[in-house]
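Chains: A, B, C and D, in written order; residue numbering restarts at 1 for each.
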Amino acid sequence: MAKNFDEWNRPLKELEDGIDKLKDFAKKETNPAKKTDLESKIDELEKRRDNYIEVMFQRLGPWEKVLVARAPKRPYTLDYISAIFTDFVELQGDRRGFTDNAIIGGPAMLDGKPVMVVGHQKGRNIQERQFRNFGMAKPEGYRKAIRLFDMAERFRMPVISFVDTPAADPGVESESRGISEAIAAGMFKMFELTVPTVAIVIGEGGSGGAIGIAASNRVLMLEHSVYSVIPPEGCAAILWRMPERGADAATALKLTAEHALQLGIIDEIVKEPKGGAHRDPLEASQIVKSAITRHLAELTPLAPGEIKNERYEKFRKMGIFEVA
Amino acid sequence: MAKNFDEWNRPLKELEDGIDKLKDFAKKETNPAKKTDLESKIDELEKRRDNYIEVMFQRLGPWEKVLVARAPKRPYTLDYISAIFTDFVELQGDRRGFTDNAIIGGPAMLDGKPVMVVGHQKGRNIQERQFRNFGMAKPEGYRKAIRLFDMAERFRMPVISFVDTPAADPGVESESRGISEAIAAGMFKMFELTVPTVAIVIGEGGSGGAIGIAASNRVLMLEHSVYSVIPPEGCAAILWRMPERGADAATALKLTAEHALQLGIIDEIVKEPKGGAHRDPLEASQIVKSAITRHLAELTPLAPGEIKNERYEKFRKMGIFEVA
Amino acid sequence: MDKSQAFLQCANCKKILFSIEFEQNLRVCPHCGHHHRLPAKLRIDLTFDEGSFQELDTDLRSIDPLSFPEYEEKRKGAEAKTGTFDSIISGSARIDDNPVSIAVADFTFMGGSMGSVAGEKITRTLERAAEHGMPAIVFCASGGARMQEGLLSLMQMAKTTAAAARCAEVGVPYIAVFTDPTMAGVLASYASIADIIIAEPKALVGFAGARVAKQAGVSKVPDDFQTAEFVFKHGMLDRIVPRKEMRSTLSTLVKTLGGNLRTELIKEDVPHG
Amino acid sequence: MDKSQAFLQCANCKKILFSIEFEQNLRVCPHCGHHHRLPAKLRIDLTFDEGSFQELDTDLRSIDPLSFPEYEEKRKGAEAKTGTFDSIISGSARIDDNPVSIAVADFTFMGGSMGSVAGEKITRTLERAAEHGMPAIVFCASGGARMQEGLLSLMQMAKTTAAAARCAEVGVPYIAVFTDPTMAGVLASYASIADIIIAEPKALVGFAGARVAKQAGVSKVPDDFQTAEFVFKHGMLDRIVPRKEMRSTLSTLVKTLGGNLRTELIKEDVPHG
C-alpha cells in the first residue's frame, strides 16, 4: 500500500515525465521522419496515459481515495473561491483574542448574489502548511466561522462551506481554549440559521473538525474526497495499536462518497474531472459551482422557517438501528 | 483631604473605640454609683456619636462619597445576594478559555420568582482582593455576564446587576483578549434583551467597567455610591498630571447620585441606613431589595418588545446639547 | 468493584475501604475523595426522586451497518456484561417533584461510545424536554463517537446538537454533567453546548484521546491536563460539584432556570412515571 | 503639516517629502509607509463618490452641563482651530453609487473625544442606517469619552451601542474603520461592535491610555502593544487595509453585505445628496 499520494501516483508521474521529455525532443527534432516517429510515440504514450488514468480512477479503493483526497496539488478552498466567486473579502478574527488561519471566510458574490463563504484552508509548501496549521483549525477558527454565520443570518446570505481538514487541532492550546465547545457551537449555530446552507467536502472531511462547519441543508462530496468519523491512522492506532494499518482502517470506516451517499449522510456526489480535481482545477471549480448553484436554487424559495426545519429533519433522520 | 476611608473615618472610629472601652469598664464595674456614672457617660458619647454621624453624612462632598463608596466594610455584591435572594447558584466560565472572579453571577429566586443576578465582586482582605482583581473585570468577566444575559433571555428571567468596580482591568492580558470588545458586547447584549433589567450602583460605578453590565431598564444608585466616566485619580492625572488631586477631580466630575439623577442618568437614589450601608448591611439589603422589587413590578407587566423599547428610549435621551 | 465483598481497595489511593461505608459515601473514597465511576442505574437512584424514573426508548437496538470488524462481538459482549443494550439510558424522572427529561451514560458499555442508538436516545431526551417544557439533565460518560458506526456516529454529533438547539429555541434549560470520562465526539457535541455544565471532581474531560493526540504529535502537557479542574480554570465549566451535593445543585437549578416553564409550558401529556 | 509649503518632513521617518507627492499618495509617506492622520473632510473626499456627501446634524452644539474647569475655553479653542463644532462629521454619501450613512471623526477636535454631541451624531448616523436600510460606515479617531461631560459622556457609550444594536436587528451592515488613534470609551462602545472592523496600518488601538494604565500599575508591555497589528493578531480586526485600498474594500463590502438591502429595504426618502 502506498503511504502517500506521490508514491501511489509515481507510475503515472513517470509516464507523464516520459511524455514531456519526448515532446521536448520532438520540438527540437529537425528531421521530419524522426519527428513523425516521435509524435506517434507520444500519441501512443498519451493513449496509454489516458487509459492508465481511466483504469486507475475507475474503482479507487478507500485508501486510494484517502491518498487522492490528500493530493498536494488538489485544489484547496481558496482555489475554489477565486474560480467560483467574485468580490471575496476575507474577514478575520474571533473577536475574543485570537486568529486562525486554518479556517478562512468572508462575503462574496455568486453570479451577482451575495453569499457567505467559509472553509478549511491547507497550505501547499512547508511555510504555508505551517501557517495553515495543516488545515487543522483551533477554537478561534470555529468562532470566526460562527461570527460569519451570524452575519450571514443577519444579512440574509446563503452560506457555502468548503470542507477540507484532517481533523481539528488537538493540541494543548486548543484544549485550553475549548476546541470541543467551539466545534459544538459551530454546529449549534448552523442549526439556528434560517438562510440556506450548502457544504461540500472537497478533500478530507475529518471528523468533528469537518462537521463543525458542515451541518448544512445540503452536504455534497467531491467524487474522490473522503469523510470520516476518525482519521484512518487514528482508527488503526486505537483498534490495532498500529497506525500504519491506515489502509485497513480506511476500508473498515467506509469513508468514501459512495458509502456516505448510501448511508444517507450526503445529498450528492459531485463528479471530478478525469484523473481527479487536481488534474483540472478550473473544470473542477465549474462543476462544483454548478452543483452549489443548483442546490441553492432549490433552497432559496423556501421560507426561513422551512429552511431551518428542512435542515433539522435531514439530520434528525441520520442513524441506523433496529426497533425491537 | 483624607486619602482613604479609614483616614477620613478616624475621628468617628476613635469615638466608637472609646465607647466600647467604657462599655467594657461598665460591665466589670461592681460599684453601682460608678457604674451609673459610666453609663451616663456612655449615653452622652453615644449621643455625640449619633450627632457626629448625622452631621458627617448630612452633606458628604464628592470626594467623601468616593471614600465611603470605597469603604472596606461596605457591603459587596455577594453580601446583597445572600441577604436578598434564595437559591443562588454561582455559574462560571466564559466558555472560551477563561474565568473571571471580578464579575460573578447566576440564577436565584427573588421572593420565589426566578431572576438572573450579575455583579462585580471585590475582596475584603488582601488574598480576596487579589483573587477578585480588586473588582476589575477582565474580558472573560463580561463574556460570562453575556452568557448569563443570554440565559436570562432564554428562560425569561429578569436581570439584576450590582455595580461596584473601580474600572475594567487595563492590563496587557485584558487588552490582548479584547477588553473593549467585551464591554461593548456587554452593553450590546443588554440592549437586545426583552426581559426586565435593573442595575444598582452599590459602591463604585467605574466607567466602561460599570456600564458594561449596567445598560438596564432601570438604573439605581445607593445614596453614597459614585458613578463616573473616569476614576477621579485618572482624571486628575490627565487634567493636571497630578493623580493626588483626586478630590478636585471628584468635584469637577459630578459623580454623586444627586448629580446623576439631575443629569437624567439614573432613575432613583436608594437611601442608605444612617452612617452608610456599611453600618447596617442587613438594613441596606432590605432597602435595596424593596427598591429592586418595586421597579421589577413596574416592568414585569410590559410586553417583551416594550421592555426593549423602553430601555432604548431611556438611553436614547441621554446627553445634553444645544440645537443651533 | 464487587459489591458482594466486605472490603475493597480504592483504585486511586490504594487504601482498603469498607464496602458498606463506600456505598453510603456514594462510591466516593472517604480517604482521598476519589469519585469512582457509577453505573447508570445507581446514578439515577442517587440523583432523582425515589421511584420517579421511567425508562423510555428501551426498544432501540444497535446494528452493524458498516460490517465493521469485530463490532458485533464487542457489542454482544458489552450487552452480556452490562445487561443493557447500549451506552445510554433515557427517560423521565422527577427531582424534588419537578419533572425532568434525563439521559445517563454508562461507561462500561463500550466505553460509553456514541453510535446511532446513543445519539437517538440523547436526541429523544432533548426533544422530549423541548416538547413538554421539562428541563433536560444529561449525565455524560464517554470516550467519544463509536467509530465502528463510522460516519453514522459522526452525524450523531450533529443530530444531538440540533436537538439541544431546539431546547434553546423554546427556552427549556439543558444541564449537562461531565462524569469521568467525557471525551472527544461527545464533548464536541451535545455535552459542551448545554446551558449549564457541571463536572464531578477530577473527571477526565477533553477533545483528543491520548492515542489520537500522540498520533498527531502532541507531547508535553500540563499536569492537570484534561481534568475537570483544568477545564474549569479555562472557563468551560460552571461548577465542579462533589457527588454528595449533585442532587441538591441540580434540583436548585431546575427550580430557578425552569421556574417560568412550570406555569407556562408544561403540558398534561408529560411522559413521566 | 502645512499644505502651503512645497516640502515637509515625515513625522515618523523624518525624511523630507514633496508636498504634492505626499498629497497624491493620500498622506502616506512614500518612504516608510506611515499613514499620517487625515482631516475628516479630506477623508470623506478620498473615500466616497465625488460630490455625494451631504452633511447632516450640523445644528448640534456642545454645552458645558457640568461647568467643568476649562471646558468652555478648550472647546472654543478647538472650534476656532478646526472650523467645526465637534469631533464628528455625519451625513449621507454614496460609494460606487451605493448609498451609505456615514460618520467621520476628527482627532484634531479635542482629541476626537466623545461628548453628548459626538454621541448624538454617531447615534443618528446608525439610526438613519437602520431606518433607511443603508449600510453604515464610521471612521473612528478618538482618545475616548470626553471627561469634561462626565457621566453624560459615559452614557454616549451606551446610547451609540444601542443604535448599533438597531442596525443589527434590522439587518443593516455596519462597518467601522479604526484610524490613528481609536481608544478607550470609543473603542469600548460603538467601534468594537461593528459587523466589520478594518484598521489603517499602525493605528493606535487600545482600551487604557498610557497615563491611565500607568496609574493602574501596568508596566511592561509588548513592543507592538496597542497597534493595529497587535489587535489584528489578537482577533479583534477583520483586516488591516492600507489607505489606497480603503475605498475599494469598503465599496466591495457595502456591495456584498448590503446586497440584499438594496432590493428589499431602501425607501424613497433616503436623505442623501
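Going forward, contacts are C-beta pairs under 8 Å (C-beta built on N, C-alpha and C of every residue); 3 or more make two chains touch, one makes a residue touch a chain.
Source: prediction; values computed, not measured.
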Worksheet item: Which chain maximises the distance between its CA centroid and that of chain A?
Response: B
Item to complete: Determine the centre-to-centre distance between chain A and chain D, using the mean Cα coordinates as centres, and give it in whole Å.
Response: 40
Worksheet item: If you average the CA atoms of chain C and of chain D, how many Å lie between those two points?
Response: 51
Worksheet item: Could you state the distance in Å from the CA-based centre of chain A to that of chain B?
Response: 54
Item to complete: Name the residues of chain B that each touch 2 or more other chains.
Response: 95-97, 176-178, 181, 185
Discussion item. If a residue has to touch 2 or more other chains to count, which residues of chain D qualify?
Written reply: 168, 192, 234-236
Discussion item. Can you tell me, using the touch rule above, whether these chains form a line, ring, star, complete graph or other shape?
Written reply: other
Worksheet item: So which chains end up touching which?
Response: A-B, A-C, A-D, B-C, B-D
Discussion item. Considering only the defined contacts, which chain B positions touch chain D in the complex?
Written reply: 136, 167-168, 170-172, 174-181, 183-185, 187-188, 191-192, 207-208, 210-212, 215, 227-231, 233-235, 237-239, 241, 243, 252-255, 259-260, 263, 265, 311-312, 315-316, 318-324
Fill in: Footprint of chain A on chain D - complex, ascending
168, 171, 173, 192, 195-197, 232-239, 249, 252-253, 255-261
Practice prompt. Could you pull out which chain A residues touch chain B in their complex?
Written response: 95-97, 139, 143, 176-178, 181, 185
Worksheet item: For chain C, which residues count as touching chain A in their complex?
Response: 59-63, 65-66, 68-69, 115-117, 119-120, 123, 145, 147, 149-159, 161-162, 164-166, 168-169, 184-185, 187-193, 206-209, 211-216, 218, 220-222, 225-226, 230, 234-236
Worksheet item: Which residues of chain B touch chain C in their complex?
Response: 87, 89-99, 107-109, 113-114, 140, 144, 151, 154-157
